């Protein structure tokens, strides 16, 4: 069924904004839990964009797999980490405007706040190194901006000229996809299944409790890494 | 329908498999399990009726279609019923007879395998299956003869049986391949049809008939392959009754009857069949009169009776041979089971030791008498009708052959009555314990079959659509008279003179003559082995002298080597001085230069090592930067 | 006819890609890095579907490719999280810049 062009543009704008802002929020907020939620929003936005592009099956898959599967996994892992809520972090750092925007309501900035990322990755706060980002943050930011500007600029200044619409995609697309999966791409399908199986085995195997007790801290490991290399052997 | 045949085939094999599994108390049930399977097979075959045929194509290889299938021609229907019925009764007997056997369950496993194999052989419609089951019953016979493997005689008898039948089986193996190549299929029906319609060339038919004759002679212990059967009597009585009287040894006759159109197409072989059959029958009957062991009497009697069946088939009395086959199964099995009972009572098989044992036992004595009368061809018992038919064909061909048949019947009566009368001779020996019911009932059932089996003649007649040719009345009277005379002679001889051979001891000589060919073969093989050993010794000596010569040559070479050695040493000293000179030069120039390069590399590497920070974000970042640069480069290049 | 041109979707994809890239390099915990990877995969998928819709709407191989991308992304995330758990057990940290045992 055809949607009116104006409505199409509006819907596109709304969902594109949700996608991009969601991703941005994921990358900049101080709270890991909020990152997860923002990522969820971004996935939703992309799913809606798929619907606009008339790829029904894919949008459903996007929702089911990303949101129903991966996001739940991510949230679980997030809850295992320290300070998932991000309040301690938000209280310790001074943030840029973007970060402040996405981290609203976490906690009040305290007088001990240090600029975020100023310590070169070793942002110490009360003896703990405390930062959401790695020391490469500066470079990453510049590079990210560069990529975004270059690509968007290229697309805006030289739009893809060869795009023509020959026909509207088949409303029975899931059946077509199913035919292809079972026919032409059977090997890929089966290979993906095998890969999933191996992945499951691997994940379960890796996450088993080990026989040796886990070390209490990293001190001895650190010492081993920092120790000078042994002298080369003679002969 | 075909499912019933498959059931009949599978039931004994399944019972054998299941019998092998349980241990301890459950093993006792294995015997009855096999009996039940044989009964099931009997009922299944009877229900299926004659005229069932089901074959499936298995492979097509080299232009020959290999099939697998089962069928019931009238002949195989009758024989299969006989096999299943006699097997059921004999194995029921065996459950009591083998009670003290330690490996009880194993015995019945092999019995089950044998019955399955025999039924498969009879019911097979494809040469592939036929040959397979032929071999299978040969193996089962080997195992069952040598079941008491601690006894050296049993081992020897089993080995001899296997070897002799294997040599003869070569004929069958060659024949089936030849037949399959000529007819392009392994269906027996197709083969017989081709033979009957004349589609087979005469030489092929003759070759096939000859090869099959060899195989049949071996399996049925005819001359010249007779030596294995009397020695196989060392086996237990149920084995002797089932394998070596009623079923396996008649496999040869069955083969000939089944593929009789081949013999019809090759008259020379048909005559040969009759000749060997008749000669065997006569020789074996004579030898049987001189035996001192009850079971050996019965063994030679079996050889003789089968010879008679072959003789009859060769003369064209196929129907009579079939009748006699069924009747023989009944009365011979009866006699064997009775022999087993006697052995149980008296702990011996020698006639001398069995005197008077059967007299106080009503059922055993009755079975013995009925069996003897049937063997001697006394009407209206079962044995008469087949012999009558054979006599008719023989007399029609040549009066001398008719006389031969009469003589055979007389001899039959003689040897069997000698044996039986010995056991019935007074004074009676009082037995101690009563016989187990499981031993008496089958024996009585088989004796009943021998008694009234003649009544089955009419339905068999209809089944085979054969025109029975009764003998002229004169011959018939001669037959009966000869039988009765033989009985009288043998029994009086037994009663009056004890267990002395009835006709004197000259038939014993014949027995030795029969064994001679096999011994001659063995002696030749031994002599040739000795010759081979001598040749080997000669070769050994030659090799040794060669070695001595080589050693002296080596010594000469050694001397010259010493001279060359000194020259080489001088050369080496000179080379070493040269090398020292070179090394001095190298130390100065080359190694210093190489050291410098190595130092440069080490310094460079320690500088580069700083790029490996171990931090993931550095690696990721550089990856993305690198990809961006490469993309830009490619885009610029493509411009 | 679609009122929104192809370039618009591609721009959205490019922005998502850049943001994901930033997250991969700049985030400190392994979980966040994985989230960044997911955003990048999303961007790629969006690009693919946009191209499919506008250039080859009758050949569904593109959608199957996207399904494959999603599947493999899921597997990779599962194994990655398992590895993260293992590393946490032995090193007691999840911060990416502490994993520097491979330093030359």
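We just call them A, B and C in the order they show up, numbering each chain from 1.
The rule is simple: contacts are C-beta pairs under 8 Å (C-beta built on N, C-alpha and C of every residue); 3 or more make two chains touch, one makes a residue touch a chain.
Predicted, not measured: the structure shown is a model, and the values here were computed from it.
Chemist: Hey, how would you classify the chain contact layout here, line, ring, star, complete or other?
Modeler: The chain contacts form a complete graph, every chain touching every other.
Chemist: Report back the single chain whose CA centre is most distant from the CA centre of subunit B.
Modeler: Centre of mass proxy via C-alpha means gives A as farthest from subunit B.
Chemist: With chain centres taken as the means of their Cα atoms, state the distance from subunit B to subunit C in Å.
Modeler: So the centroids are 73 Å from each other.
Chemist: Nearest whole angstrom, what separates the Cα centre of subunit A from the Cα centre of subunit C?
Modeler: 7
Chemist: Distance between subunit A and subunit B based on Cα centroids, please, to the nearest Å.
Modeler: About 77 Å separates the centre of subunit A from that of subunit B.
Chemist: Residues of subunit C that touch two or more other chains: which are they?
Modeler: 21, 25-26, 96-97, 100-101, 103
Chemist: In subunit B, which residues are in touch with two or more of the other chains?
Modeler: Residues 615, 617, 621, 624 of subunit B touch two or more partner chains.
Chemist: If a residue has to touch 2 or more other chains to count, which residues of subunit A qualify?
Modeler: Residue numbers touching two or more other chains: 134-136, 139-140, 143, 147.
Chemist: Quick check: in the complex, which residue numbers of subunit B touch subunit A?
Modeler: Subunit B reaches subunit A through residues 615, 617-618, 621, 624-625, 628.
Chemist: Spell out the residues on subunit A that touch subunit B in their complex, using ranges where they run on.
Modeler: Subunit A residues touching subunit B: 134-136, 139-140, 143, 147.
Chemist: Tell me, which parts of subunit C touch subunit B in their complex?
Modeler: Touching subunit B: residues 21, 24-26, 33, 96-97, 99-104 of subunit C.
Chemist: Can you tell me which positions in subunit B touch subunit C when the two form their complex?
Modeler: Touch residues, subunit B against subunit C: 609-617, 620-621, 624.
Chemist: Which residues of subunit A touch subunit C once you look at their complex with the stated criterion?
Modeler: Residues 5-6, 8-9, 12, 16, 19-20, 23-24, 26-27, 32, 35-36, 39, 42-43, 46, 49-50, 52-55, 57-58, 61-62, 65-66, 69-70, 73-74, 77-78, 81, 121, 131-137, 139-141, 143-145, 147-148, 151-152, 155-156, 159-160, 162-170, 173, 176-177, 180-181, 184-185, 188, 192, 195-196, 199-200, 202-204, 206-207, 210, 214-218, 221, 225 of subunit A touch subunit C in their complex.
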